[in-house]
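So, here's a batch of structures to check.
You will see chain A twice below: alongside chain B first, and alongside chain C after that.
Right, the complex of A and B next:
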């Protein structure tokens, strides 16, 4: 795998992130007088006491070869900094260049900043907290003897994964690049697609311990202000010690925390995120996570896949219809099978009924119980398969197909229709990977409902799910928008994907601020 | 609280499903035997003036529900008595629909399951729906209506092979008086039951949409019901009266090839949907009425209690299905007169008088101002 080193381009991001630092509450416990002294050695001691018991912090003292009076010390953390950059751009000029120590101490700092260091992002600082934080972020602090002002030199650079095709949601046609763990790269991936000054990035920091950088991205003039302010309010309410993945943020800003349906979307693909931003959504990039969040997220997005928009519209619509149908099938098929076989046998044609009842012969468990057990086994196999190394994965396959499928039927532990139903329901789950979380639960609920009251129990379950879906909202947008009201432009991008030349308007409510997507057709 | 709003389309769907309600289950005008479709047409014709009256009440007081209107017109004491009457009707109707449907499930599918289990399962979704508000019910109605209509069309097309078109003869074989008599009962069930929707249509967006919604909804529901009745007559003939659930019975004769047969389980889906919408609306309006009587801040606090009482009430309504059929065919139309005819007339006349005098006042003021 290619490892590339991030250059110090991230200066903007973290400079702005600093402006939030005043608001974070844990500033007070890093005591210190907050000021530097004029003595280099004493300054170093102050830093050493702050970084006590931390052996990765490097204090490198050196002096100019032409002037003994110019003594310096740089403080960096190993692994967070671009060492090569520091050696060539900071230590080398300070050691080798001829320059005189000016009269006043402040002027020495100016002199170094303006004339010696060939680095683009250098700033002066007198606040100790700011310097310590900069060191933690991977910047370099340069202390000069006789000065109570230090220089913070941007030098971040750590190894990160290169841009590659995401594992989740592969495409045949469409861009193959995916987000990475680095917020800088993710920002640049979005910026590369929208070359427009209206594209805005707002930075903030979350996590009292981790200080994770978070970036709110939107297109000004398209995104709704109400959604933005609501999002900022919710993000500011977060008071957690650490954010390790965007999943934390997703769960903390959800509208309906108890609902099985996600009200915040996530994607690993820049083209998907940009397409959503163009419809008026707001994206949240979390440092350290390749999954970028988008709000608001409504149900119809679960069946919209980026490839629909790149392929021929008929093919795209057909695929989308299949996806919608399989979403319904995956939660319904086990329940409906159970209902019909246990309570409404008269609906089955006689021949089929005979073969089904023949397969039920000798099976000890009632259909409902065996169906629930088989669904659970399927979910176990699925869960085991995702974590398994590929080599062992084959063993799971064999166990799953042969032992749990064929052998179980032969041994009359379960009936063969139950295996078929489980398989169909399991395969259709994977048609819409973003919905797996909700589907697994709803399926079990519907099976249990159907085992109580047959087809009526199933319908009661479906109506309850529908009532829930219709009553929840994501950032003020009805969750079922686009699926219930089929007016002129609403249905274009829900059950079907209309051709691009006819989609002249953005979706309602979300894109309400700037409804017109294409004007060319209106003029023609 | 955000004011709830429903569009005209949603309101029409709501009205159609409400009218289909339990009438697709027990059929309309079955006492007239093979003239039942004529009785249905008569019912629609009788009802149209009343639909206009209901719509007129709603459009005079645009944006107010029937309870506010009643209190406005009749004062706090007498108004409350009228509200009690109205919400009693809504409560009772909800219980009737619930019992109808649960009896159907009990008789046709689960004879050994106690009725109370079915009723409690079914009231759960009504309570959930009534609690989530009329907007949600209206949206779910737009979702359900296509399903119901498509299922019925499918079933009607499939049952063509079992139809005998001679069953419709003799037209008016029992004389016109019989048809007119039954026509009145099909006026009160289901069409005039839509008086309940006065407690819902305060959410309409425009003043004039009430008339449109009522006319469209009644005509559409009338067409669906009369078609269904005709299909039933074609399939069952004069026997239509002998079945508790004629459409369920007529669809059970479907046999296309060797594969498609006994499709009546499928049609039960639409029974569930329509009965669910109807009884949810009834529960919603009943709760709103109780909240208005006791001056509660919000109706949502009493939905669960009212729903459970409604479930219990539906269980003690009749002892058996024979009583239920007798009530629906012989008693209900007279029982419903005060709620369906007298109450709206009371409101309407008073509203018109008030409206006129207000207009006169306003125009008088206008002249003075000039």
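Right, the complex of A and C next:
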């Protein structure tokens, strides 16, 4: 894999993050007065006590070759800093340039900042906390002898993954780039698609220990203020120690914490996120996670795939219909099969009943139990398959297909229709990967309901699910929006994907601030 | 407080649903004996002898379907039905029954008594075909030899479904029969089934119709009479008319038939006008006939018209003889002139034989049939 080193070019976006107060309370227990002294050695000791037991912090002392009086020390953390940059732009000019020590110490700092360092992002600081934090972020602190003011030089640079095609949501047609773990790259990926000053990025920091950078991005004039303020309020309420993935944020800000349905969307693809922002949604980029969150997230987004919009609209609509049908099929087929076979045999055509009856001959387990077990085994295989390295994953596949598909039927452990039902339900699960989490649970619930009450139980389950879906909201937007009404423009991008020339309006509520997407046909 | 009350109410309402699940229950398919056919005869010691054809499934991957026939006696049908469990072990499952065969002895006593089980029971379908066994026991039909099939009831079911091709019998379901038994304005007709010897085997053969009056079997009519009856009922979709022309048999294939019935009540005299309009094609001739001669075609049309009218009059006379209105003319009169009909009804019993029936038949030969196939 190609490893590239991020250059310290656009580091200014992090400066704002530092002004975000209130999250740094626990730093007060560091034993210092919070101020620097005029003595370089004393200052170094202060820093060393702050970074005690941390061997990755480098204290590099040097002096100017023309003037012994100018003694300096830089403090950096190995691996977080662009060493080459510091060597060439900080150490080299300070060592080799001829410059005079001004009379007052404060002027020395100004002199160095203004005349010596060929670096774009340098600032002065007197607060120790700020300096320690800067070192933790990968910036360089430059201490000068005789000065109680230090310079913070932006020098962040660490190894990160290059932009590559994401594993999830593969496309045949469409952009192949995906978000990475680096927030700067992710921001630039979005910025590259919307070249417009209305595109706004708001930075904040979450996680009392991790200080993870979070970026709220939206298009001003399209995104609703109410959603934006609500989102900011919810983010400010977060008081967790660490954010390791956007999944943390997703769960902490979502509307219905107990619902199996996701009310915050996530995508690994910039084109998907930008498309949602163009409809009025707000995106949240979390440093360290290639999954960018979008709010509000409604049910219909689970069957919308970016490729729908890039292909012919008929093909896109057909695929979307398949996805919607399989979403229903995947949670219904096992339950309906179970209900009909064990309660409502009169509904089965006689020929089919006979073959089902034959396949059940000698099978010891009742249909309900064998169906639940097979569904669980399928979920085990799915879960095992996702975590396995590719090479072992194939072994899992073989075991899955041979042992469960063939041998189980031959050994009369399960009947073949149960295998078929499991397989259909399993395959249709993958038609809408974002819904897997909710589908797996609901499917089992419906199977259990059907095993107690037949079709009746299945229908009770479906009604309860529908009631739940109709009652929840995501950031004030009804979760079923677009699916329940088929008025003009309402159903254009739900069950079908209407041609682009006819989609003149943005979705309701989400895009309410600026409803008109294109005027050409709207005005005619 | 309100929300707690509300949620308790909703919970109670939901829990009530569980008590309303009717009488079905969890049952595994392989624990069921699928009944496909039933035959009802008079029992020797009890009232009824019920014979059922059960599907016998063997094999897991290669499904091997055959059927088994067994009989048991009981005071009532349900009594006999439940007794099967003690023989076969598995529960008999009646939802997939295809055909009910009633022996003519029982049919001539009271048909509605045996129909009760099939119409009222929750498990049996109401659209099961019903046939009357003629000149043999109903149980013998289920024991008939099989040709190219392995389930007797399925064979009968298919023949009944294809009844339109031949038009010599008309399918009847338990539901329609039990419904029609309740009215006195139309006689119930049920197809008859008998055994047809073929070499040393015996095949099932559906042909002709059993006619009921007041729940009792009163008469039989044969296949060709049934076809004539279907002409009068406007139930012909396909079929053949064999007519003679200069001692040569000519077969006309019926392409389309419309029978219109016009009713009239003048001075307590009920008249039914039957207008039959048949479109046919010449399908099979014994010797060459010049079809290009329009006069010959006209002659054939005339001959077949006369033949049809004669046969219709014959069937109507037969029906009048038994006093059974199998054509539904009385019903039609009542529908068209309810007031006048009631007046006559109040004077006394409306007799089918008092209804005048005028028949006019028009046969149109559209083509020689050489390009028209089924």
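Simple rule for what comes next: the second predicted complex is superposed on the first by the 514 of 524 C-alpha atoms of A that agree within 3 Å, B and C clash if a C-alpha of one lies under 4 Å from a C-alpha of the other, contacts with A are read in each partner's own complex, and residues count from 1 in each chain.
In this section, a residue touches a chain if its C-beta (ideal position, glycine included) is under 8 Å from a C-beta of that chain, and two chains touch if they have at least 3 such contacts.
Only a predicted model underlies this, so the values are computations on that prediction, with no experimental measurement involved.
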Clash-or-fit label for the pair chain B, chain C on chain A: clash
Chain B versus chain C as contact partner of A:242, first or second or both or neither: neither
Contacts of A:34 with chain B and chain C, given as first, second, both or neither: neither
Partner chain in contact with A:344 - chain B first, chain C second, else both or neither: both
Touched partner set for A:459, first chain B, second chain C, both or neither: first
Touched partner set for A:476, first chain B, second chain C, both or neither: neither
Partner chain in contact with A:118 - chain B first, chain C second, else both or neither: neither
Partner chain in contact with A:354 - chain B first, chain C second, else both or neither: second
Against chain C, colliding segment of chain B, chosen among 112-120, 148-156 or 202-210: 112-120
Overlapping contact positions on chain A, where the chain C interface meets the chain B interface: 343-344, 346, 453-454, 456, 460
Sites on chain C touched by chain A in the complex: 14, 17-18, 21, 24-30, 32, 34, 36, 55, 57-61, 63-65, 93, 95-96, 98, 123, 125
Touching residues on chain A, where the partner in the complex is chain B: 340, 343-344, 346-347, 349, 351, 452-457, 459-460, 463-464, 466-467, 470-471, 478, 480, 484-485
Of chain B, residues touching chain A in the complex: 7, 9, 105, 109-110, 113, 118, 121-122, 124-125, 128-129, 132-133, 136, 139-140, 142-143, 258-259, 261-263, 265-266, 268-269, 272-273, 276
Chain A to chain C touching residues, read off their complex: 341-346, 350, 353-363, 366-368, 409, 412, 416, 451, 453-454, 456, 460
